[in-house]
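As written, the chains take the letters A, B, C and D, and residue 1 is the first residue of each chain.
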Amino acid sequence: MAKEKGSQGLTRVREIYQDRSRRVEELKAEGKKVIGYLCIYPVLEMMTALDLVPYRILGDMREPITKADFCLPNIVCPFLRSCLDLGLKGKYDFLDGVVMAHICDVGEKTAHIWHTYLNPPYFHFIDTPHTVHKAAQKQHKELLKDFKKTLELFTGKELSPGRLKEAIKAHNQQRALVRELYDLRKPDPPLISGTETLQVMVALMSIPVDEGINLLRQVISEVKKGKDGPQKKTRLLIWGSIIDDIALIKMIEGLGANLVMDDTCVGSRAYFSDVELTDDPLDGLAYRYLVELKCPRTFREAVFGETKKDYMTDLESRFSYLKDYAKEWDAKGVILQSVRYCDSHGYEVPGVKDYLDHIGLPNIYLEHDYSEAALAPLRTRVQAFLEVIG
Amino acid sequence: MTKVVILDRDEEIQARVVGPTGAEHRRLANKVMEEALEQANLSFAEISYVIATGYGRINVSFADRQITELTCHARGVVSLFPTVRIAIDIGGQDAKGLKISNGKLIDFVMNDRCAAGTGRFLEVIAATLGLKLEELGEISLKSTNKVKISSTCTIFAQQEVISRISEGTPLEDIVAGVHDAIASRVVKMVRRLKIEPDVVFTGGVAKNVGVVYAIKENLGCEVLVPEEPLLSGAIGAAILGKELTLKALAKGETIQRKERHLEEVTFFS
Amino acid sequence: MTNEKKRKTINRLQTMYPLRALIDGMYQRSVEASKAGKPTAWCMVNWWEGDIILKAMGIDAVYPEDYGAVCAAFGAAPAYLDRSDSDGFPTHICGYARNCIGYTALMTDLGEIPPEAPMGGMPKPQLLLSSDGLCDARYKWFQALGRYLDAPVWTLEIPHPGVKESLIEGAYQHDINFIVEELREFVTFLERLLSKKMDWAKLDELIGNTIEMNRIWHEVNQLRKAKPCPMHSRDFWSSMPASLYIAADPKATANLYREMYDEVKGRIDNKVGALPIEEKYRLAFVELPPWHSLGFFNQLAERGWNFVYESWNYHPPKPIDLTKVSDPLERIARYTYQWLTGYYQGAFKAEEWWGYFAYPYLELVRDFKCDGVFLHPLLTCRTATNHLMLVQDRLMKKLKVPSLVVEGDIVDLKLFDPADALRKAETFEETMDYYKKVRKEEGFDW
Amino acid sequence: MDWFMGIDIGSGTSKGVIIKDGKPVAYHLLPSEANYRAVAQKLSEELLAKVGLSPQDITYTIATGYGAASVPFSNQQVADIRCCAKGISSLFPSVRTVIDVQEMSSQVIRLDEEGQVTNFVVSEKCAAGSGRFLKIIANVLRIDLNDIGPLSLKSKNPITFTTGCAVFGESEAISRVSEGMSKEDILAGVHKALANKISTLIDRVGLEEQCAISGGGGLNVGLIKSVEEKLGVQLLVPPQPQLVTALGAAIMAQERERLVASL
């Protein structure tokens, strides 16, 4: 992109990570419209196809929550509280619109509160189903049709299947490049650290897809040259709720580990599944954005409509991909982490642990308050975990 | 508390010193270290390896290496009780449960998120009751009908204790209740490791016979307590230090060491 | 329940007792059924969506959420909570879930219902029927029970559209179709699980009776607009399970509600309120009460506090005519959907976007002329809590009605502090007095 | 007779005030310690001695605060929030918002011209939102509680406590010290943290000037400064902030007719 002021690759990534909204605010100045989206369930392709810039709404674990308390109590997900807090402090005022989905209860409440108090020019709520039943898939497509209607109303443009397919191709291309980048974490030592990878992911979620593609290309070629990459250290996989700040990753890697793979939503969850190009593009989108996304907010069964449940089969069907990740990226242990008060992940923990113990993969569960300072008490746990798996 | 243990190569204790820990970690580490050297009557240069552990480990400027208290406690406890499977350690800052399988730490749980269930809890209560920490144990054993402390938070438990007193509840019953509160909290946490004998109880709080009793009650099994429960972590650290040194020597590697001097650090000029 | 005062501070309805008794029958029936080798199910509250179908298939269900309240009231909960915690479930998850997980773990260890289990306990189920209605903890929780039970989990979907989105052309229809198709799959599944066919005629009749039962129950509660309010929330909570769980034959239950209607109507005609003394303050109670210290309401009653309405989500939907809908499953779908979206028209007119859970209080507090709202955030129930601050803020802005916040929990007895609550309540009276004045000045009619 | 007594048994300190014609004529403070009954008794003896009265001379006594139930000689108990409002408006009739920072909790009270509570919010059961947090940190830093205010004013760049818990806060303070942070920066940080907590309470009930501070927190110039900065308002500070609630209780005793009527 001409606009990218010379600096490229990882330098550019760091610039964007430091000042996420700068690029979209430039684009706004050029007359583009920017739509904020929460979590990974809103369909990006539909926005891109209408020449809107999707911009991921994230929290800030370095900023104390002060404004959100009057409408979202402090016993709910601190990440969502932080997002709302930033919104109420005007940090997201540059957004022309906001789209949120029924990711979980608190996510749903956050959406309505956002709509009530911040009432952006465009607001849409996608009531994403919580099962993957056939009926749910069909419903999801209907919901995307509704989304399409309000988007068209807002932009005054028609969302044609042709443009949508173009957008799908673009986003699939970006996803392929992300996976290519993740492949560079397979060698020992990995060619890129977990910390830098996270910065890349955050950057991608802050700029238009085409710019993201170019950025990824530059990053990949730089990383392949492999200068000043990480040292050999204990290889770990990290699972759990959102990580949108390098603080935790940096701390873990600083204690003598390389995070070589993740199962989180500012990471593999957002990029590891493509959208199938179906005749009616909405079919592929409806399927991918309901069935293929890995967040535990969705209820899954080993065998749909089974009449007797077998625990291990159930765990296998829900978590075997973690075994594959561990194998492919040669992880020696797994860090399970979740922000406090996250039900979707909280209920999942004993199950994941049972599975990992079953396949003999050492693991530790860390719970944190989505606050940089409150990460300190985790140091000793992580260090001891590394001493244990030695 | 800051503890120093100096071992010789036969793991004989040459010096053991316990001093308070305050805001000034580093300065105290230095002070206690000097005492220990005096006791062992060694010069600092003669110490082959120094391992720092515990909450303030990063602040021990002269340590050759930092290792977490979890690993060190495990090692220390194993050296004292080779048959240990579960070690419970309650210190001033935190409480830990260690699962040990043939001498190695395999799993652990810890609480450092909240003062309840740590020694701090007892300190606060003792102060509230105008008692010395050491007195609590004996007093509680007199209790015939211990009270139930319903608040978890230390600070609110303290209020509860105060109102109990003004209600005229016998002191021993209150203290016994407090001991049960901390014990049940810690035991509940440690149960996640699936309790197997032998269970060893260490840390400053293990000096309190009342808590030892409460822990036994809550576990429903015996617990072993070392003579000097406070030192197991330091002993473990020293043993690990020795092992690292011998391993290095065996391989003929040179050992990375910090300079052997206690730089004076003064924050509070 | 526990520490109930003998002195009469609230005029309880006589017609409440037979309704309250039905819930005990629910547990007995289920245990007997299981002894007799008949299939039993554990259900999440699903607002009649799945209950009627189970009934038609002859399954006696119990509701672990209700059982959480039972265990709290009988003081059996702490042991179960501890077990859940030590099995590695976070301590911040739903209190009912911890209670149920602990209970189930214990039952699995023992191979039988734990001897000390209140109400004879919940028997080992053949089916776990969860729902994503209102709260996603409820299907995560049943999923987690897989650790202890081999019963399959079926999760019922209930759409939660936003107010605006629900009015997009075609949205209503696809939401209904969605539920209908889900229910059809569910029926097929049940037929396979129980290897017997659905008796559609019986289902059709049950639906009719359930809707009629709830219509009368709704009418009973409408009477509470009267001043003084003839029925206290405590009578609501005691009578609610009969409707919410279809604890007995809906036709028989309908008659009990009818009798309750007559008793309440009689009180109104004779100007008798739920309090023996003057009704000084009318309050709405939002969320579930502290089951283990209900005596607290007597102390408030002594101060002239009457509780005239409760969380809308424990009430039946606004009446809706479904007689023209022929497909029984579609009738269920429309009925449950009406329960969730019944206030959407009003919300849209008022241009209030605060969502299906919070908005109804705007209409309820206005229609029942409440002086204040008692918010009871349940520290381990996020779903019940996450919208309360919003309710508090909007009611103040829109209606000049203040809210009193008193933290508590549904199972963890430690979290509710009656002394502290009373201290706040005493002060809250001055606040309610003040806003009475303000509402007068601003031309509100109460 | 026209002497009235207000007794405020707080979790930290117990305070008593005697008024005549609405004017305080004697006050006394004692640490609450363990036995509330004893403290209450001692408190009233000291008070009576100061004005040379005997218990019979007191027409009416109202007890309030955490230990109000343990004041055997009181005629009535009233919630501290109401007493606080009453007390502050007798000192500053223009006050519409009062921030009451106590040992165990903080509360923000909105009041009308008669000192009637129009709205209020009490901090959650969390020591970090109360004066207790300050005590804990002062203790860690080995500084007298009375000195932390002035000392914190020296701070150039206060540290940020992002942690929401007093116990965390303590550990965090310890490690900040060992990182070489100055005591004044840490103290200023604590005050900032508490000020943040207070402003979130304010967000719930709204801020209407004039605004005053009461309770032990009112003795701490450091806290007052950070609250003023955070809220952008001047705080009115009574000469004896920790006595406000006891004073209010005494005044209510005088106005008991209204109270009796309302019961």
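Everything below uses one rule, namely that a residue touches a chain if its C-beta (ideal position, glycine included) is under 8 Å from a C-beta of that chain, and two chains touch if they have at least 3 such contacts.
Because the structure is predicted, anything quoted here is derived from the model rather than measured.
More C-beta pairs touch across the A-C interface than across any other pair of chains.
Comparing the CA-atom centres of all chains against that of subunit B, the greatest distance is found for C. With centres set at the average Cα position, the gap from subunit A to subunit D is 46 Å. In this assembly, the C-alpha centroid of subunit C lies 40 Å from the C-alpha centroid of subunit D.
Averaged C-alpha coordinates give centres for subunit B and subunit D that are 38 Å from one another. Shared interface positions of subunit C, i.e. residues touching 2 or more other chains, are given as 87-88, 389. Looking at subunit B, residues 112-113 sit in touch with two or more other chains. In subunit A, the residues touching two or more other chains are 69-70, 377. The touch graph of these protein chains is complete, with an edge between every pair of chains.
Within the complex formed with subunit A, the residues of subunit D that make contact are 124, 160-164, 168, 171-172, 175, 196, 199-200, 203-204. Subunit B makes touch with subunit D in their complex at residues 22-26, 55-56, 59, 93, 112-115, 120, 128-130, 153-156, 159, 162-163, 165-166, 267-268. Residues 150-152, 188-189, 191-192 of subunit B are the ones touching subunit C in the complex.
Residues 87-90, 92-94, 97, 130, 132, 134-137, 139-141, 143-144, 146-147, 149-155, 157, 159-162, 164-165, 168-171, 174-175, 177-178, 181-182, 185, 188-189, 192-193, 352-355, 357-358, 377, 379, 382-383, 385-390, 393-394 of subunit C are the ones that touch subunit A when the two sit in their complex. Looking at the complex, you find that subunit D touches subunit C at residues 78-82, 112, 116-122, 124-125, 204, 262.
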